[in-house]
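Heads up, there are several structures right after this.
Below are two complexes that have subunit A in common, paired first with subunit B and then with subunit C.
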Partner chain A sequence: MLYSIFVDPFVQMVELPDLLVQVLWEGVVAGVLYALIALGFVLIFKASGVFNFAQGIMVVFAALSLVGLHENGVPAPLALVLTVAIMYALAWSIERIVLRPLVNQPDIILFMATFGISYLLIGLGEFIFGGQPKMMITDQLMLPRGAIDLQILGGRVTVQKLDIAAAVIAGMMVALLAVFFRSTRVGLALRAVADSHKAALSVGISLNHIWVVVWFTAGLVALVTGIMWGARSDVSFALQIIALKALPVLILGGFTSVPGAIVGGLIIGVGEKLGEFYWGPLVGGGIESWLAYLIALVFLLFRPQGLFGEKIIERI
Partner chain B sequence: MLYREAGQFKTRYEADMAVFPIRQDVIGIALIIAAAYILPPFLGHFVIGTVLIPFLVFSLAAMGLNLLTGYTGLLSLGTAGFMGVGAYACYKLTTLFPEVNILVWILLSGFFAAAVGVVFGLPSLRIKGFYLAVATLAAQFFLEWCFVRIPWLFNYNASGAIEVPSRALFGLPIVGPSATPLTRYYVILTIVVGLTWIASNIVHGRVGRTWMAVRDMDIAAELMGIRLLRAKLLAFAVSSYFCGVAGAVMMFLWYGGGEAKDTFSINLSFTILFMVIIGGLGSLLGAFFGAALLHLMPIFLKFGLPAMGVPLGGATAEHLTHIMTGALIIFFLIVEPHGLARLWATAKQKLRLWPFPH
Partner chain C sequence: MTAATLPILSVNNIEVIYDHVILVLKGVSLTVPSGGIVALLGANGAGKTTTLKAISNLLRAERGDVTKGGIEYKGERVDRLSPNELVRKGVIQVMEGRHCFGHLTVEENLLTGAYTRKDGQAAVRADLEMVYGYFPRLKERRRSQAGYTSGGEQQMTAIGRALMARPTTILLDEPSMGLAPQLVEEIFEIVRKLNEEKKVTFLLAEQNTNVALRYAHHGYILENGRVVMEGSAATLRENEDVKEFYLGLSASGRKSYREVKHYKRRKRWLA
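Take a look at the complex of A and B:
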């Protein structure tokens, strides 16, 4: 028993390194997607202190709008532009209708309000575009298809071109965001708001404006995530359960850290694929559904503020 | 006009601190309970089966979660998992010991949920807030996985579902295919009334005050000599007990058997959390309000609107339900972030002074 838990999986890893690489790659790809969702959470949490439960739904909603528009005869580039416009309208109305009246309420109330938003978006999305799963318009967006077979380590590793594209695009987006935060006026204001709402207000930064920008940025991240994810499987509301996986990622990385979200996403993605592949069969498989949470839970016991989170200091 | 407390003088401290200090409230509660027992035979099976029974079950679960989230301030998303533990415990117990009355097992199955709840409550000593919510998600998904992967739990039957056997009380079948909705309703009602009474006593007593101190600021509570380990774990245990009983009741007296994976899913956890927050955190009455609102509104949209002549397809109704639920959650949060219970309290205060504004 002990042998099959502590020794056998590692023996397998060493004996078949190509398989290990394949599993690791699968983990990285899943991790990138978790990280992208977590990124949306972090952006909003940093700037407004709102724990945005609706991020997963925003991903689906963005992808659904894109595909739905295209199905109704709008050419792909125009549909993309229109979807961006929809995400802006969404950010604006969330700020105006939901956040503004609820300013200064306890966190849990704002959290609850984002639950309301996610219900609303599920209903709206199904109402307008129908509830059936849809195919992502991969070709029209000029995303690559097919797979590359690599001959390494005495075996063969299959890599989907789409996954490489996803990783590259995700990397580019994070870099862009970093530049945006670092060297633009709005980005600077965003960082100021994240540091302290009161101080930012006192130097003349409009919180309302910043919130719209932040929710819009999170909406764009959601759109990119939605395209990537939709291209891998299909666009459907089943994704919202998978989007919950972003929560352990957040815990691992800390709620306020962008690099944390990325590193956390990769750790969770790789960890759960390795666990599922090598240890899963011992208990009957399917442990992917809770392993990520368990990793995060164990991690939390040692570092309650996450990997890169700010240290929690409590005063009376 | 009837709601006046003029002439009701309190001569003892206990009378002043009573749960219902105003006589009209006592009469009102008595009337509601009496109506709950007397009226249902005049209602159709449809109303009892789709409105009253689910309402009571959800109220019980929401009350359980409210003890944890509303009174102790520990956010939990594992409610459905704990309910599932209650349902499976009850199923195993009643198939292993069929001669013992099912009611005993329903009430005892809560203790199994409580034990599981304590185990998953352990991290709450170290982590708080949203971090704890994610930690309880681990409980939810792990338990869901157990319900599917451990065949011992559902007695190795092929369907993987709980099959509710027929059991009787005083010769009257109360669970299983032959039990009428009315009998099941009375059983649930009695359980809910009893447990509400217990919960009310807990939260108004020493334990409840300890919990509230922990909720308001746990470090300060610790400095005042409250042992956090005991208080938090007790909250998890009691809350999970209520949820476990609610789960057993749900499976045995409402659904009459079925696949637990679909029943006790993460969505149920969220629904119950909604009920607690919409109803009012830290209010037992709020659990009932929240359950009523979130359970009745979809039913109204589904059956009420077509009856009033607004044509709605099945799928459209479902989408509209989602939109309406979301909009209402936001609406109520903006109107009164402290929930329906607070709205009710404000209304009562206004009534006491009516027709004067102050």
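Take a look at the complex of A and C:
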């Protein structure tokens, strides 16, 4: 028993390195997508202190708008632009209708409000585009299809071109966000707001404006996530379940850290796949769906602020 | 008062209520002349901070509301404007307890002050150098996280940040809080310099009556949400009551606090 838990999986890993690489790659790809969702959460949490339950729905809603528009005869590039506009309109309306009237209310009320937003978006999405699962318009967006076989370590590793594209696009997205935060005026204001709402107000930063920007950014991240995830399976409201996977990622990486969301996503993604492949058979498989939460639980016990959670600076 | 010309800012009989029930200011009126340094004095809870926040309108973020009276800046009602509109108009507050952005570097903190400006990078850069000119110490620490700098440096950062907005009026709340006497003196020297060289008008709230009356031109004394006394700094300094209650002096020289009867101190103004 102990042998099959502590020794055998590692022996397998060494004996069949190509298989290990394949599993790791699968993990990285899943991790990238988790990281993107977590990123959306982190952006909003940092800037407005709201835990946005609707982030998962925003992913579905963005993907659904894109596909729905295309189904109704809008060419793909235009549909993409329109979807971006829709995400902006969404961010603007959320700020106007939900956040502004609720300013200064306890966090839990804002959290509940995001529940409301998510059900509203589900209803709206089904009402406009119907409830059936849809195919992502992969080809029209010029995303690659098919797979490449790589010869690695005396074996064969199959890599989906789409997954490579997903990883590259996610990487670019993160890099862009980092540049935006570091060296633009609005990015600086965003970080200032994340640091102290009051001080930001006092230097003339308009919180309302910043909230629109941050929800819009989270909407864009959601759109990218939706496209990538939709291309791997299909676009349906079942996708919102993956948003729950972002929770362990956030606990692992810290709620306020962008690099944390990325590293956390990768750890969860890789850990999940490794666990499923090497340890899963011991209990009859299916551990992928809860292993992430187990990892998060362990982290909560030992490092509640997460790997990269913001250190609270205290002067003595 | 030298530049006692036009009032740039006037507060007319305002009443402030927090949370719809707590009455904090009960009719405060004051005027700030253009180019002047005016001090708001008084003990804890007298209403100094609330007055400043009513002007800068940071009040509403704390569920406070101006329910009576009005505030005019350059002859225009401003009590319904948002803080960022006021900053654009040239009124900026430096809050009590500094409130720097702890995770941003000192330089980034200063740059956030220029958020509302639209006159381009070059002008902002030039002003950054101007701020470093007034606060050479900030230049040395420009790359450190503000949260790890000393209290004095944070106060300088906060004032410098406000300067980056090119304000005409700075509402300075309790600049001396938690600072060593020498630093307090240094900060006030800079306030005076800014007032003289950059023609910045200051309305400052202070508990440290002694320092404030040495640098201000004019003073208001608040107690329990009311103005109980006002006058030029020189008159206030010479006033027997101010000497006794706020400067710790009396006719017979320095007085021990043990001999002061508290009920008497309270009653005096209200009678």
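Everything that follows uses one rule, which is that the second predicted complex is superposed on the first by the 310 of 316 C-alpha atoms of A that agree within 3 Å, B and C clash if a C-alpha of one lies under 4 Å from a C-alpha of the other, contacts with A are read in each partner's own complex, and residues count from 1 in each chain.
To be clear about the criterion, contacts are C-beta pairs under 8 Å (C-beta built on N, C-alpha and C of every residue); 3 or more make two chains touch, one makes a residue touch a chain.
Given the structure is predicted, the values throughout are model-derived calculations rather than measurements.
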| item | value |
| --- | --- |
| Clash or fit, subunit B versus subunit C on superposed subunit A | fit |
| Partner chain(s) touched by A:84 [first = subunit B, second = subunit C, both, neither] | neither |
| First, second, both or neither for A:205, with subunit B first and subunit C second | second |
| Contacts of A:143 with subunit B and subunit C, given as first, second, both or neither | neither |
| Touching partner for A:247 - first (subunit B), second (subunit C), both, neither | first |
| Winner by number of subunit A residues touched, once subunit B and subunit C are compared | B |
| Which superposed partner A:28 touches (first subunit B, second subunit C, both, neither) | neither |
| Touched partner set for A:300, first subunit B, second subunit C, both or neither | first |
| Touching partner for A:109 - first (subunit B), second (subunit C), both, neither | first |
| First (subunit B), second (subunit C), both or neither touched by A:196 | second |
| Least C-alpha distance (whole Å) that remains between subunit C and subunit B when both complexes are overlaid | 14 |
| Residues on subunit A engaged by subunit C in the complex (per definition of touch) | 103-104, 185, 188-189, 191-192, 194-206, 310, 313, 315 |
| Contact set on subunit A toward subunit B in their complex | 51, 97-98, 101-102, 105-109, 111-113, 115-124, 126-127, 131, 241, 244, 247-248, 250-251, 255, 283-287, 289-290, 293-294, 296-297, 300-301, 304, 314, 316 |
| Partner subunit A, residues of subunit B touching it in the complex | 75, 123, 126-131, 133-135, 137-138, 141-142, 144-145, 148-149, 217, 219-220, 223, 266, 270, 273-274, 277-278, 281, 315-316, 318-330, 333-334, 337 |
| Subunit A contact footprint on subunit C (complex, rising order) | 56, 58, 61-63, 82-84, 86-88, 92-95, 99-104, 108, 111-113, 115-116, 145, 147-148, 150-151, 161-162, 165 |
